[in-house]
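Mind having a look at this structure? Questions to follow.
Should a chain be cited, it is by its letter among A, B, C, D, E, F, G and H, assigned in written order, with residues numbered from 1 in that chain.
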């Protein structure tokens, strides 16, 4: 599409409707809007068909509200991630209308029901109760991005029967997200059960030699299952983003 | 399919054709063959439609030859990875018939031309000349696994024009593998250019603070592009495996 | 200059105006003033033409006020860095007259407008909104040190068009400071666009495998762009200091 | 027993058979023999009922031969670990009579058949072919220490059916040693299958983020299975030693 | 036992009492109960004869109360670990009846006196006063799991006489747990005194180069005493669990 | 002395005044007193001529008070280290009579003036204002242990003239303690100025790549000055302890 | 200049001399030449006025010869870095004409004397004899890049008098490169002597806690001298590159 | 002494015997001699009374021979450390006359017997046979530096009786060097036995979690014995140097 816009511009240059110097300016004018402290990309949603996403940490409620408003003005749905309850409240006071999921720390501005665009199901498999916030983020993001999601909880590798009892659900998915802390062994086991891409999310759950998710991260990167790729520690959002792109193929 | 086999078995139990104790044995009899020092999974290729893969390091040429033979007897193609030239030669002397790619360190036993099964193209983007062995492994594996592959070399981020000149190729792919050492910034830039899944492969190329690939690995895991997932350092094989599964969806 | 002072001293020794033992004492008497808990260097500003700088963390407001006062008495401007709002207030109550920049955490005692001494422009390029405190420190310090500064915000590598749209500003600078967290890839890309020295500042922005700025730090140290040198994580001050010295050449 | 010896000594002091100063000397005279560069403990085997063990790395064949001879003279069997083929040969030339296991790198001086002392079976479970040297060391040591050993190979977590097919063997053991490299997930899965102590041995097998066994080590230390304890990377000997002590209880 | 249940099921299939499809469902129905956010394993205590254990961190008092209630309804004792005083209070308000040990952070629902099942004594040896919370957890868990426990405190290696004075107690135990922070040398010394399995627990006690327990952890893993195996930093529970299994052999 | 006591004991055994079994008990009765949660060594001060020291962190004010009381009852001075202001107050309420140094976090129970025992002067050299708490601990401990101390502050390596101006003080000392954070270069420079033992104390002062004192620690361990040995990060106490022992030689 | 080329192109589009589709192709045609395995940037030297640089490790002599030839054909001087003696010989056999500096591992194709372009002197200060290869690389590159260089060797911080004796040379430079291994303290001391930018190069010289240059790297990043910026471990080339750019300002 | 020289110089300036400009030159003329690639300090031995020391790694035999010759010409003894057998031979061929200790890797040019200068004995305590090279370096250096040395070998903490049997030797020393690898616990135990300074030397002996001496290093830095200070991994020379300075006090 951009190629089209450039062709059109060059044709207008050829036809004399646009001066070369003007054209240089236009070539430099790219699709974003400056708000204080941020350069908001208003066209990404058009390009990708995905809602715009705002990563909340390190931003004040004022900044978040301003960015969300700029994006909402251009008609797009917006999803803010890692939003604390207090911040969500403070944003809501400013611009209203959002929907907050406390466990997943997601703040959503858009339709209550998102049309399904993904072609199959995304399975989100969560090792333990303590991994729930990260897994919930993955589930919430995947749903807001137009995917059908199956969610399995508390199926860690030390109690295989709990996992195997749900193996049909896992095998039925088009892409699987596996969320685990501690030793992070679950993606290896799940990866061995299916022939679909597995996206592993290490969590910072654990203590001591878990080193805030490093043990799980290393375990997933060195998985003996070949169908596993990995995202950052606690990055439920990233896993859902990648899974969404795969599920649209 | 296994579910079918179990159903069939249980029906035979019901019909008296099989005793319960026999059935227990059959339930335990799973599809593998024991050779000395390895339990070879002869059914995986049937299940996945992918060739069986043997990871060479830590195995003697004898062991590799034995495993390959066991697998070839069951009629499957076999791909050995990380095979040194010397080891490849030694295996060839024992069982013959393989095809060796020295740069990619791949040893292939199967048809010269593999039928295309992947639905689109996989682009493999390689940052620098020194990353070629890893990128070649990804290219070679992806081709042997039935994918059309586009291969771009020496398009690092410090010379953006070289990358941008090839952006059409990247945008045309269904899934992109990006191979980079040193600071590992290329997946972030490529990830920003496309709306397809990007699989990042850090390489051990670099010195000093590159720490054998750790700098690149961390850079890729913390990429500001959301469509990036990561495999282990130098794991061109794993990236191609994941990309293949995605490309078959 | 010190060489001159020593020559003068020795000439006075030769002329009998100063006894050898006295001269030894004078040779040892160097240009600083002792306040409780600190040995304040009152001549550095004279030597360098730069304001004296006080690093606030680990110092009480009392100590900061005392050091600032000692320096102010010798007629110099003083800049305190990493000053929390609460500390700034407490210092102000004691000695008054300062100017506080909350985002940059800078507390300034000196003229409101500093004369330009730098020969060209310093560009400060900031990857994301969350990196603003560090980038603002660099901007504030560079301005107080007598430089013209251009400031670009939110131009991360995953949205190259935002960066390229401002490339003229970057190319016009005499020295460029690049501030980025997460994977820290921005200095590599900026370094590829210009043939000027680039000073990279990793920030502690990010989570998980960002390891408090380590991922960005390693990425910048292993940058494939040769014109990049690096300062400590979050060290906006140091980058501005080095850039100032370069801009005065 | 030592208590007995001290009592006896003190009784002799009381009876005047030993002078106090002599007694002090005897109290200090403890059961070892000095050979050049080593203080050989000749009584340990008597105390523990286990053969004496010599750790070969960093010792010359001369030193090993000397230590072995000193121990053999006191009538004990001796087991040398981590002995390279070349070193074994060189030791054999000096003192003869040993039995060498190349895969396990064990050199044994003692009876060909060791009487069973352990009360049950030790199961040694080995994840992959590349882990065999470490697992073989554990098997060899456990057998030389008088245990019945069951040995399972190539039963990694990404192919659970291979492991589950052998679960009866695992459940029948009194204590289980699990040897795994890469992500080191196998002890968690095995730990979930049994209610016996599991001793996990991380191996240095793997590359990249395996970091020479660190990934496996951290994974095992943070295992979600509570019955797992861990020994050093590649320490098959230590695992067998602990398992032996447990199996004698 | 499960094998028995499967046999029985298969016999009923043979006899026509159960349809194959039903049997498949039953085979998948494994012994757990779903409560919101957790899949509670109600049969583990039956299988192992040990109380069920709930790891409190990351769980709300509501979740803990719910899980405890589910387990209590099936008649089992329950032990919650790492329970803060505040959380314990909050759980008690909801379901009552528990017994709280503040130093060990254990919350117990079960009989005040647990019958001794372990065959011998477990000695818990604690290096310093600051290691008491971890050691107390080990002591408390071991007692609730039916073991006789001897507890030694403040017997660090820099004052050997304090340790040696208690060596009879240590030698009398069937298995020894050693809890130490800082350099973690105590297990090596204790390991040299006995011929029993020693389970080492590094603690996060210490500062600077102790790195939150890493120094102790590495020291224990590289212990020159061969009878030492290691659990995670601060994992008093895990050590007691392993010791219990050993003490029941 | 202990040797004397043992001889005496053995002579009494010989003379029949003590039964062997009694003697065994006595040999085991070593010089400490049990208070709840600690085994207090009441004879150390007698043996070493140094006050007993209590490390406060991880101990409650109650525990500290109890230990101090036990020691005071045996007539010794006691020094508690790392005592927070709040804890000092709470201890004082319980047992009174102590002297608290807030900057050094030392709480002292003993004579206001300690007799000089050290043969020369200990110089404590402190790099920056932020390192003062650690340096003050070293100064305070060295003085309470009977040493004359010279204290130099704010003489970091980036302003060599400040250090060189005081070099006579440094050269006059019998042993030098150097306290520095950040890059920890000061011990190398001081080490090059003197031919006396230098004890380096890295501090946790600094940010980013200082990694809580690791940069300084590594710098000191790899110092190109051969007369430098190192203690733990922030361990002003340990440095003073070692310096005291040296100064008594 | 590129802006000029684009303007010219657009003017030709306006004048009808170039079709829009042609223009798109030209816009994409960027200044590089593809040789097997590399995309050689032939215009960089024109843009920057610096010779093209080839990093040798990971490239075969054939690849290096091919790249050098491609660049030489476009008339540019070429500098290859990190070239082993053996590789240099092999390249010379293929294309001849180069000049090899064995200590600096530089291979140069260009005029024997390079015209001075830098405005002042670059001082290269080398801590110890073992750091010479890295320092020589910096010296060689800076000279080939048209700078006057002063070179000081063996002036480590533990013998300050050797450094101070040369302080005039250091003060006379426009920019200073400091090369040091072990604790890497030299840049802090040099930085305190001058008010010019200091570029610090940590080297991998040292053992044990030097960790291959990490101690020096961390020390330099946390330097208490504000005028220090840092490049990668052993990166003499990068330091010379940055210094060259500064020296041309 | 230098102060004296300066006084003398200044008096000559006063008396007109020396011009001020000349005096400046003299003040700058410091006591070293330049040989190619090194600035040799010929006065250090005079100042310290210790032989000059040359650290061999990274220096060619030519360089070592040249430095040794320069020093020998000024009449001093020279000690080269970390000299491989091959290098020692090559140096000997060039300049002859040295004495080589292969285990300690020391090459000595000086009198066969060095007069005792140290006031007491230095005890060197070595944990295991594999630590011998490092311990021997400490012993050899200490003897060449004029100390009486007692050497204890193979007295690790897992066999306390061997250590305790030699405790009289340890208690008789004026300063103790303890050399240990693996968990590095020996200095803590030795530190608890004596009231003398203990210098701990971690060695790179061990595997896996020993991490090339890191485990031992951390253990020694966090020792619970307060009289322990630490030098770099494998730095037997440094320990002997510090011990020598202490032993001369």
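Assume a residue touches a chain if its C-beta (ideal position, glycine included) is under 8 Å from a C-beta of that chain, and two chains touch if they have at least 3 such contacts.
Since this is a predicted model, take the numbers as computed values, not measurements.
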Greatest separation from chain G - chain, by CA centre: E
Chain pair with more C-beta contacts, F-G versus C-G: F-G
For chain B paired with chain F, centre-to-centre distance based on mean C-alpha positions, whole Å: 58
Between chain D and chain F, centroid-to-centroid distance (C-alpha), Å: 41
Centroid distance [mean C-alpha coordinates] between chain G and chain B, Å: 38
For chain H, residues that touch 2 or more chains besides their own: 159, 208-210, 217, 221-222, 226, 232-233
Chain-chain contacts as defined at top: A-B, A-C, A-D, A-E, A-G, B-C, B-D, B-E, B-G, C-F, C-G, C-H, D-E, D-F, D-H, E-F, E-H, F-G, F-H, G-H
Chain D - residues contacting chain E, complex: 47-48, 50, 53, 119-120, 174-175, 195-197, 199, 217, 221-222, 226-233, 237-239, 241-242, 245-246, 249
Residues of chain G touching chain B in the complex: 28-32, 37-39, 41, 55, 57-59, 63, 202, 204, 212-213, 217, 232-235
Interface residues, chain E side, partner chain F - complex: 129-130, 132, 153-155, 159, 161-162, 164-165, 168, 205, 207-210
In the complex, chain B residues that touch chain C: 127-128, 156-160, 182-185, 188-189, 191-193, 206, 208-211, 214-226
Of chain B, residues touching chain E in the complex: 3, 6-7, 10-11, 13-14, 16, 20-21, 23-24
